[in-house]
Structures are given as C-alpha cells and as structure tokens.
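Labels A, B and C are assigned to the chains in the order they are written; within every chain, residues are numbered from 1.
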Amino acid sequence: MIVLFTDFGLAGPYMGQMHGAILKEFPSARIVDLFADAPAHEDPRRSAYLLAAYVDEFPASTTFVCVVDPGVGGSRRALALEADGRWLVGPDNGLLAMAARRARAAAWWHITWRPERLSASFHGRDLFAPIAARIAAALPGTGIGPDGLVPISANDLVGRDWPDDLGEVIYIDHFGNAMTGLRAGTIPPKAILVLGGGQPVVRSRTFCDVPKGEAFWYENANGLAEIAVG
Amino acid sequence: MIVLFTDFGLAGPYMGQMHGAILKEFPSARIVDLFADAPAHEDPRRSAYLLAAYVDEFPASTTFVCVVDPGVGGSRRALALEADGRWLVGPDNGLLAMAARRARAAAWWHITWRPERLSASFHGRDLFAPIAARIAAALPGTGIGPDGLVPISANDLVGRDWPDDLGEVIYIDHFGNAMTGLRAGTIPPKAILVLGGGQPVVRSRTFCDVPKGEAFWYENANGLAEIAVG
Amino acid sequence: MIVLFTDFGLAGPYMGQMHGAILKEFPSARIVDLFADAPAHEDPRRSAYLLAAYVDEFPASTTFVCVVDPGVGGSRRALALEADGRWLVGPDNGLLAMAARRARAAAWWHITWRPERLSASFHGRDLFAPIAARIAAALPGTGIGPDGLVPISANDLVGRDWPDDLGEVIYIDHFGNAMTGLRAGTIPPKAILVLGGGQPVVRSRTFCDVPKGEAFWYENANGLAEIAVG
C-alpha cells in the first residue's frame, strides 16, 4: 500500500499526477490518499506531528509519500526513512522527524537517485512518487541500493530538537474539530486544556456525553487530544 | 466493488483511513468513493433517500459502507442489509431504510462482530469498513456467520415509518442543482413542483430545452426529481 | 490506466459514478482522477488547452475520459481520438482539439456505440465511461469496430481554428497560482508577460529565486507559463 500525505490540495491535478507517477513505475500499486490538505504554513512542523499520528494505523509494508515542501527547488535534501518496517519518503525539513522519533527502530537514507527529468517545482511527481513506487515494488535493478539510497545519520536532520508533543492546533477537520499535536495518552486523565483565549476545556469520552454547544476535548481515533463542541 | 457513502468530508484523513481499513482486510478490493458529503443535519433521513437512488446503479455483488452516524459512540446498533444481492452496512438510524424498502428482497442482520480495537468516535474505520471488507471478500473464518452477523427482523428498525418519497431538497450538487427525495417516476408528467417560497417549477427534459435563467425540474440520471436553472 | 478529466466537481457522486461505470465494464482498471474541476465557463476552450498540457505525462496506453460538456443532451457528437498511442474520448466541442494538434499522429472516430440506457444529462457515466473502459480493456466483441467507432476526418471538428496557444489564465490552482494557456517553450526566455491590468511580470526559475510578495512567471511542471507570487 502506498499512502499519500501532501499539501497539494484536493482540487486540481496534483494528486492525480502523483497517482499517475506511481502507477507508471508500479502498475498494480494500491494508493490511498490520506491527506491532500496537510497544514503547510511557514514550516512543516504541524504536518510532522499530524503525520506521526497516522503512521501506525497502516500495515508494516506500507510506503508513505510525504510532501509538504515549501523549499522545493532549493537545496534541501530528499530523505527516506524506515520506521518499524514502514517506509516514508519526503524532504529534509522535519516532516518525517516525529514519525521517526515515535518508532521503536528508525533508519535514514539520503535519496541520491534522480529521475531522467526533474522539474524545478514538482519533486512530488518527479522524485518522491517514483522512488516510493520503487521502494514499494522492491523492483530489482531500479537504482535503489548504494546508487540511489545512501545511509545517513539522524544527527543533523531538521526536527531533531523539536518537542515530543506540540501544544498547538495542528489540523481543523471537516466537522470543525481541532486536532492538537498532543497525544492524549501523555495528558493526565483529569487535565484541563486551556485554549489560546484562556478558555478552559474539560475532557469527555464522546460527543454523546456532552451538552449541546459545550466545548470539550477527547482522545480522537488516532490518539490525539482533539477539541470539539458537543 | 466496495462503495463508500459517508458524511466524512472530502478534506482530511477520514476517507483515506476508510480505504486503508478496507485494504488491510481485503488487499485487492476496488473501492469507489460515491459520496463523502452526504447530508448529515440532525438525522440521516435525507441521506437515506439519497443513498436509495444510487444503489441500483451498481452491480449485484457490490458492498456499500454507509456512515452518516451522528450517534456514534452511543447505543445504536450496527446493521447489515442484503438487498437484491447487494450488501450494505451502516448504523441503525434509518440510513439503510429506504434502500431496503426499494429492494425486491431484503434481509437484515445485526452486526455483533467487534474488532480488537474499537475507538469511540470512528466506527466507520474500526467496525463498518472491516466488516464490509470481510463481507465483500467472503473470507472464511473471519467471524462472519452466527458469531458476527445475527439475523433480525425489520419490524423495529428506525425508518420503517418514513414515507416512500420525501418532498424536500436532499442534496445540492457542484452545479447548484437541487436533488429532491421524490422519484420522478412517481410524479405525473405534467405536474408542477412548488418550491418553499411558493414558486412553481415546470418539468423539462434537459437543460437545452429551457431558456437561460429559468428554473425547471427534470428527472436526473438517477431517477430523482431535480431542480435546476437553465 | 484510465484518466478522468471532468468539470463534475470533487463533491457529490459524479466522479464516483464514473469509477463505478468503468469498473462495471473493466473490473481491473486503474483509474486516476486528474481533474474534477476543469474550467467549464461558456465553452470548453480553456479546458482544451489545460488537457493538452497533461496528456504527454501519461504512458502510451492510457485512455482519457474527458467530459466538459455544456451541450449534453443536445446534438453534439461523441468523439474518440487516438493521439500518439493514447486514446481520448469526449464531446465534439473542441475539448480534445488541442491534444490532437500537439500529437505527432492523430486519428478521429465518431462514437456511434450507444448503451442500453442513455440518460439525458449524464453521458459521462452512460456513454463516455463505458466506451473508454472498453477501449482500455480492448475487449473483443464489445461493439467497438465498425459498429461502434466510425473513422471521421478532422476537417469539420470544433476547435480546428483555435490558436496554438491561448494567452489567458486557464486554471487557478490550490496554491493560488495562475496557469496560462501559453507553453513556456514558445516564449522567448526574457519575455515579460503583461497581466490584464497592465502589470508586467518577469520570468523566474523557481519560487526560491523571487523576493517574498513579488509576482513572477515560470515554466510549470507541465510546460505552461504560470503566474505566481513569491
């Protein structure tokens, strides 16, 4: 399974072009669009905490193509990460950092493979999608190995100094619920979250337990503390 | 074929998580996103009439995963329905009721199967997607049968007292056209629909037959009376 | 691979119904949603230039289902085009014209095949999706051949008198960037584009080379001149 995590937007051609680029390399790939609207902002930090909350849900052989990449066309490196048997590819801007930290075993590679044609603005299609397809397909002779993936240390990667959890809203979903970068399991059961405006928010188990119109927080289905209104 | 009918929204991870949950159980499943924006409102009644207009279009072995479920985490039951050789799973809140009534032969089951891990807020991913995948794959030994699906009577299901057609707008599409819950075949050919504001709307066959800017109604491609402006 | 290029919108059932109609004819088809939000406006001219910029990216055996069809239900013909080994189907309103002109070898067919049931308003589902599926699957005995596809000349097709490039914005993407219908390769490297309001816009290679807040144009990843703000 190949999972896409991007900020390319639902509209327009970009997600479809990613599918096309993957299927060109690996015609029988099964592709899942996880996020096309990952938060971009000035840096990919929020996306890093968001991604990390979803990786575990997918089986061990899953390959993630992660592209929140405001520095595309600049000098940032392209990275591959093996984390507990799952593979992730993405730019060296911290996007993969939290997925690595939450893994029991993580190993990093510098992607030195280059396609015949690399556009300046769409490395998702030209670089990350095809290398992910090759990793997922484990095709022999595709340039993966010492010629395409070079092992590197995690010591100088962007994001290595970020906190384990992020006390910010990282994503607001279709229902208006606000996911934070805090894992609910790290918060004492009776803790009260305090919103930016100073409003205290208590914990509840589900929507059904809360009076209409009242804000609360709960552990969402991916383990994050999420703020909602009953 | 597995067809998704939900109110999860196009944005965000939920539809992708449904795909992932299905592919985990049934790696070669073909998945079609029919609606990710089914009307939710206070109850799933409009969605029930919408769903019923689309079921017939798909081949007999199709499995539908139907999740418009404001009561998730509460005590409502999980249901499976076999309707003319198609299967539908969803909550017992009326969502499947009209699909059953329009079928020549319908049989109901209570889904008693439970996954190892059931979140409080995302039964679509944790319960409905995997049971649908197992039904679609017809995997032996998956707990379906007397241990996972218990036959029940339709006598006490939500929606059994709803009307055969619903004289309301149930969905407004991308083009601004308003689908009603009325099957056009049940309306006399020369009938005039009267909108909420009292405006009468006459029938036309296609957009090409109507002056620019004039409202009309027609039988849409799924048999519903739909209001549009030429 | 079957690629969808439509103005059906991301929301609602239409793209899913296209998938269903394709899979009914060709159960193992791989389907890519390229555009669901192609520009419609009064005529499909902008969509024709947009489509032409994406065709080359897909492998030779790809079949494109192209539906921007304001005249559906009227008398316009249904066309099939073979362009450099790729197939495209769509209405005779110019939508396929630029894809044909950019091909080294192009041949046209009139689609005379008709499904058992043809709705007045959804030829995408009822006509174009199934004929594309049959072309892609190359099923014997499906009515393709002299009974379903009749060779025609390009001499009287809509769009034959359109310019090679279109000096207009044809699509504004998720990031707010404005694609033009001009191929960057046809513009002298130091040319300045002049926007509708008279503002001159210079060329840059990537976002990283431009001061924050300054408008520029560049060759996008599909060869079009695209206007963005750094």
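Throughout what follows, a residue touches a chain if its C-beta (ideal position, glycine included) is under 8 Å from a C-beta of that chain, and two chains touch if they have at least 3 such contacts.
This is a predicted model, so every value here is computed, not measured.
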Copy pair subunit B, subunit C: interface residue numbering same or different (half cut): different
Rotational angle, Cα trace of subunit A fitted to subunit B, multiple of 5°: 120
Chain centre separation in whole Å, for subunit C relative to subunit B (CA means): 31
Where subunit B touches two or more other chains at once, by residue number: 10
Subunit A - residues contacting subunit B, complex: 1, 3, 10, 30, 32-37, 54, 57-59, 171, 173-175, 205-208, 218, 220-222
Sites on subunit B touched by subunit A in the complex: 8-17, 19-20, 23-24, 27, 71-74, 119-122, 125-126
